[in-house]
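Chain naming follows the written order as A, B, C, D and E, and within any one chain the residues start at number 1.
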Amino acid sequence: MKKILKKRGKKAGLSPGSLVHIGEATGKAAAIEVVEYDQAKLVSLRIDSKETQLAIRKVPSVTWINVSGISDIALMQRLGESFSLHPLVLEDIVNTDQRPKVEDNGSYIFLVLKFISPTSSAVATEQISILFGENWLISFQEGLDGDPFAVIRERLKNEQGRLRSSGADYLAYALMDVIVDNYFLVLEEIADRIEDLEEELMGTPTPQTLAGIYRLKRELLLLHRSVWPLREVVSSLIRRDSPLVGEFSVTYLRDLYDHTIQVVETTETLRDMLSGMLDIYLSTVSNRMNGIMKVLTIIATIFMPLTFIAGLYGMNFKHMPELELEWGYPAVLIFMLLIVIGMCIFIRRKRWL
Amino acid sequence: MKKILKKRGKKAGLSPGSLVHIGEATGKAAAIEVVEYDQAKLVSLRIDSKETQLAIRKVPSVTWINVSGISDIALMQRLGESFSLHPLVLEDIVNTDQRPKVEDNGSYIFLVLKFISPTSSAVATEQISILFGENWLISFQEGLDGDPFAVIRERLKNEQGRLRSSGADYLAYALMDVIVDNYFLVLEEIADRIEDLEEELMGTPTPQTLAGIYRLKRELLLLHRSVWPLREVVSSLIRRDSPLVGEFSVTYLRDLYDHTIQVVETTETLRDMLSGMLDIYLSTVSNRMNGIMKVLTIIATIFMPLTFIAGLYGMNFKHMPELELEWGYPAVLIFMLLIVIGMCIFIRRKRWL
Amino acid sequence: MKKILKKRGKKAGLSPGSLVHIGEATGKAAAIEVVEYDQAKLVSLRIDSKETQLAIRKVPSVTWINVSGISDIALMQRLGESFSLHPLVLEDIVNTDQRPKVEDNGSYIFLVLKFISPTSSAVATEQISILFGENWLISFQEGLDGDPFAVIRERLKNEQGRLRSSGADYLAYALMDVIVDNYFLVLEEIADRIEDLEEELMGTPTPQTLAGIYRLKRELLLLHRSVWPLREVVSSLIRRDSPLVGEFSVTYLRDLYDHTIQVVETTETLRDMLSGMLDIYLSTVSNRMNGIMKVLTIIATIFMPLTFIAGLYGMNFKHMPELELEWGYPAVLIFMLLIVIGMCIFIRRKRWL
Amino acid sequence: MKKILKKRGKKAGLSPGSLVHIGEATGKAAAIEVVEYDQAKLVSLRIDSKETQLAIRKVPSVTWINVSGISDIALMQRLGESFSLHPLVLEDIVNTDQRPKVEDNGSYIFLVLKFISPTSSAVATEQISILFGENWLISFQEGLDGDPFAVIRERLKNEQGRLRSSGADYLAYALMDVIVDNYFLVLEEIADRIEDLEEELMGTPTPQTLAGIYRLKRELLLLHRSVWPLREVVSSLIRRDSPLVGEFSVTYLRDLYDHTIQVVETTETLRDMLSGMLDIYLSTVSNRMNGIMKVLTIIATIFMPLTFIAGLYGMNFKHMPELELEWGYPAVLIFMLLIVIGMCIFIRRKRWL
Amino acid sequence: MKKILKKRGKKAGLSPGSLVHIGEATGKAAAIEVVEYDQAKLVSLRIDSKETQLAIRKVPSVTWINVSGISDIALMQRLGESFSLHPLVLEDIVNTDQRPKVEDNGSYIFLVLKFISPTSSAVATEQISILFGENWLISFQEGLDGDPFAVIRERLKNEQGRLRSSGADYLAYALMDVIVDNYFLVLEEIADRIEDLEEELMGTPTPQTLAGIYRLKRELLLLHRSVWPLREVVSSLIRRDSPLVGEFSVTYLRDLYDHTIQVVETTETLRDMLSGMLDIYLSTVSNRMNGIMKVLTIIATIFMPLTFIAGLYGMNFKHMPELELEWGYPAVLIFMLLIVIGMCIFIRRKRWL
């Protein structure tokens, strides 16, 4: 199962702003990709993380720098210096146990987001940090689960697309939109698994059903932690009168906000559904126990008296007149039959069959 | 059972504003119906969805265009162009997994609503989108469950009716009123089924009772998702100072708002009721188990000692003086009777009977 | 049990403002009673609902018109016209499934309230509508449960009373006070029944205890629906700067508000109490099951080994040396006794007795 | 157990402001004690409740009048007149089922509070009403549980104390502080009892443990009703710009507010703790049932097959070759032993022992 | 287990501002450590708690006085006088059952915080009080669990560190940061223990698992009491326009606020997780009971009929023709075999194996 918390233990006691990577690392070398685009042109290049001096920000077209591999502390330090980021911002980027948030720094806006896709391995919740200013945007992630923004790169190739004709704020929106779309995919998968569990539950639930319910509940709890603050992030982007977020993008952000609310509400609905299922499971187990107990009680109710009677005439007393009677044996058999019939009527009355 | 979520998977990664129909399609051809009315006249015509160039908006009377069949993307595209709708609006209309909402665009108000009727097949939750401006209103739906607005069309025929003498805003109110009235009908049906289940519960509940409780709980959860945001929609229509919503209609909208609150509160009450019933069910099952166990225990408590005594005198020891006694057998029978009486007293004391 | 919802089905699809009575009807003819009073005089007369032309409003003294029998639609229509009420107001009066609310119309204030008394038959929740203006007040109810305002009529006879010297707003307060006082009486009765159930619960709870808990819980849920909005009604009467509500009455309304809060909080407390009782019930049932199982297990633990040994020496093998021994039988008896003692020690250790 | 509600039934239908004592009465004669103090002097005298004409309010020193015995309606009426109190205020003082509240009357502030001490008999929740003006304070209570303000009287004797040098507002604060301190004592006692119950729960819980949990839960519910509104009372005293509450006292009231919050939060925490304990109790009972069932099943699993085999060779068929064999009996004994061993292995595998 | 409440009983009835130490005392002598630092120098000295006259506040560098041993009331009294603290402030410092809070006194800010570290003995929740003004800070604690601020002292030695170049407000932030970091460590430990319990739960849960769940739940409840008010404390430090808190520190406090929110949300998530685990535990116990009952029922179902038949032919009737038949014995054996086979088919059908 996914870890509940990422260990930040190694950070305790360090001065704030200390760069310590918290979270899982890919183990691969960091990769930096720079894309420059405007309506007319689209240039894309990969930069070696070891040597470069990054300071490419003075062009009129939009520059998008995507950094995969935030566990490379030395690189992050260098990037922090070239972009002159606040030490706390840099710390937040590499500490992947951050809560989603937005910070407006005047010259740039800093976003921390969480990326989950249904295909990602169970452990990985990718933290994606986005910084964007006038006409530039830098995105940071570890890249645990491939490239979440491949679809954006694809869309950028379309010269007629809104992306190419818009600024860095729209790019930021587009990246966020990809993240929220993936939440929908994850929720859909969870909903599918809930429907499967419902079918099991209405049929013959097993302890595996129970474990399945627990696992989904846990997943939704952890998902809730990423999704709930996201609501605030988007809403404060809309309300904030930053010149960095244009009116055009705000329209789209409002749409995104609706989606976020829907993700939050769906998460709640699914959790309520799972709670209901747990109650049903417990009731079903009790019902089944009732069924088993009924069989046991029916068996015991019928055979205990019979066995006693048989035992009675198995006693070795010298003087037991019934034993001498010629019709004693058939009489006892008939008596036993009457007992069985009586018991069956009793059981039928109790509605056990 | 009704699907929990509609699949929007095919949309992930697409640029926002892309037109993809999400939800169930009727498979029938789209139908467009145009109604023009004022106090004096009422004209109604059906338009072929294939050919028409729709731009009929410059008349002083109210024009109501009702489009059934939003799964026809090509048509929607064309309609979007003729009415010059924002791509996001068009996207929201065809994506039927939308959250109810209201958007004020200056020149028109855009409403997304959910229609459920007690007669609709289980799967169908129809999404109804309404756009209305100065003296026009366009409504969109897939038409999964016939024509929800037939009653309005009927009322329009009444020359003295408020509908004929009012504007497009009152028509919008009337459509919303129909939707909310149907929520009441659905809630009444659920309340009826709850009362049936209550009767079962107080009589002899079965696993079917349990499944019934679960199904209703699930339905209310899904209903809650449509109803809760509706509250906000109506309230923001009232508070909004749009010149498109006249004072006359606001009075009626306030009444509608009261109804919406009542729908929300009733949904809550019914959910609480179902939760209470589940607790009762569990307790009842436990009670019944107790009953079964009591019978088993009574049977065992009476017959085990008797069977033992019978077994005792069935032993084949040479020297068992009791066996030789003439009154041995009746003595044992009387002793057994005493045991039975003693056990009955014990059981009576424990209040098991 | 009381119906959860009143059927408003027959209203669906009708134009808003259509007069349809929803709720139970007494079947008796409607009765109109007019009381005119000031410090000096008190005139009271009954008017025939069939003929009268009601327009008595121009006197300086306070006029209180009380209408019993809102199911008489023709009468209501006529009253609506003579008092020139808004169609929605009239609709709300006859639709008794309304939510408590207050509406300020400028020239009059319109209140919808719910009346429950501990003596009323289970089905009846009476909806009381009150309209009051400068120096007049009209109250409407069906009169399912007699005359809720008899105490007020009695108090009016007291010339020194505050009622006689105050205006219509104080009369409205007095009517609301009667309604809230009755809530206290209902809650007291429920509290009494809860205390009875608590005693049962701590003694020997039966399935009837469970049913009792469920019934009270259900009643409180339905009560909550009437009480919760009442809070808003009173508070908005206080905050509203209507010239129709004088400063003198506001002091009394504030007192009423405190009472309303107390009713709401008491309802919550009683619900929490019932939830706690349900948990206790479930635990008690489990405990009792434990008790039954213990007895069964003790019986089986003692007699099964004994029966086996008796059976052993009941075998008919030719060569069973023990059977020949003279002291075989007493030895077996002693052995059995030892087993019983051992089992008793085992059971004592497990603390089952 | 403490009554859930105090009966106010006898008040229903009476005109508001009618003086009816609701609650328990001591049955003793009312006592009035007047204390006058300033930095220099301290005069204390007891007044006979029958004769006095109380109007002592024109002195510059602080006058504290403490009335024990609010059930003496005649006295209360007279006091109301001498201090010219509003009828609703007087009604609130004698109706001890009041919700804690504060009312600012301009010339005096009126407080209703609830006093509970751990030593008070279970039934008594004393309602204490405090009125204070410029340099006077009147406190009312029934005196069910002795004199809650003895400590204040003691502290007043200290000439250097803050009480002697401060005004009536500080005295009001001091009285409230005593009340809140007693809440802490009650909570501490409850916490102690919870810790005892926890120990029982982790050891061998009995049905008494369950009853104990229920009783504490109930007590906290009733406590919550007194404590929750108290928060509001203190906070509104702080925020209110009454000239009657000096800046000096506000500092102390803020401290009191912190304590009140702590009382509320502790009440919540203790309730959550008790809920957790109930779950544990239920689980423990189930666990114990499992233990009992295991023993029963083990006994049955071992002895049923053995008893059957013994019964088999107890049959009286003429032709049963095994019975004739010399080693038949020991062979059967060994076979039985093997069965026992096999069953033990099976049981061990199922981890029942 | 940790005590739920600290006893403040001995305080009840005392005048507010009375100095009484509430909480556990180390029993060691109090220790005072004074650190003076600025960018250039760092002076640190230990002062004897018995003799010193502390009034060192007029230097331009930052002075940090750390007092361990607040249970030394005489010392606290003296310190209160030398720093001229309000009696209520002094009272709050020595009463360690205080709620976390912030108070702005104009000339200094007063903070009450709670320190927990994963290594601290179970009983100790250290209350830390911080007062800071222009360029001085005094911290008070009992020192139950060593020196929580050792890391700060260490960091102060770094001349390049932000601490050395900043004022007393940054020092206050740094101390709070240490406290919040320790909350994360405690939560991580709890999360680890939850993951262990989850594994047990999915494997073979024991009553120890249950006790573990309860203990963690209890710990989180108590933790919640410290953490929840901390949120308010930090947020009100940020919002407050005190000249004592510089803009530079506010940036860092905002970061701290994010961490506090995360601590609160994580506490909630962990509590929800534990609730879910309890449900699973209960279901698992029920499941296991089902398993046991099945075995018992299978055994009884197979052997009871067999034993009855054996008993039947063990009867001693004179005339039992079957007993004389040569093939009687094998026929009965075969009949018994058929019964066993039939029962096995029945059991297989019921899916018990």
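Here is the rule we use: a contact is a pair of C-beta atoms (placed from the backbone, for glycine too) under 8 Å apart; a residue touches a chain by one contact, two chains touch by 3 or more.
These numbers were taken from a predicted model, which means no experiment stands behind them.
Engineer: Return the chains shared as contacts by subunit C and subunit D, ordered by label.
Structural biologist: none
Engineer: What's the overlap between the neighbours of subunit B and those of subunit D?
Structural biologist: C
Engineer: Could you state the distance in Å from the CA-based centre of subunit C to that of subunit E?
Structural biologist: Computed from C-alpha means, the inter-chain centre distance equals 42 Å.
Engineer: Could you tell me the distance, in whole angstrom, between the mean C-alpha positions of subunit A and subunit B?
Structural biologist: Distance between chain centres, rounded to whole Å: 26 Å.
Engineer: Touching two or more other chains, which residues of subunit D qualify?
Structural biologist: 282, 286, 289, 293, 296, 300, 304, 307, 311, 314-316, 320
Engineer: Classify the chain contact graph as line, ring, star, complete or other.
Structural biologist: Contact pattern: a closed ring, each chain touching exactly two others.
Engineer: In their shared complex, at which residues does subunit B touch subunit C?
Structural biologist: Its residues touching subunit C are 151, 155, 158, 161-163, 174, 177-178, 181-182, 184-185, 187-188, 191, 194-195, 198, 202, 251-252, 255, 258, 261-262, 265-266, 269-270, 272-273, 276-277, 279-280, 282-284, 286-287, 289-290, 293-294, 296-297, 300-301, 304-305, 307-308, 311-312, 314-320, 350-352.
Engineer: Report the residues of subunit C in contact with subunit B in the complex, numbered from low to high.
Structural biologist: Interface residues on the subunit C side: 1, 3-5, 7-9, 11-13, 15-17, 86, 88, 92, 97-99, 101, 204, 207, 210-211, 214, 217-218, 221-222, 224-225, 228, 278, 281-282, 285-286, 288-289, 291-293, 295-296, 299-300, 303-304, 306-307, 310-311, 313-316, 320, 322-329, 332.
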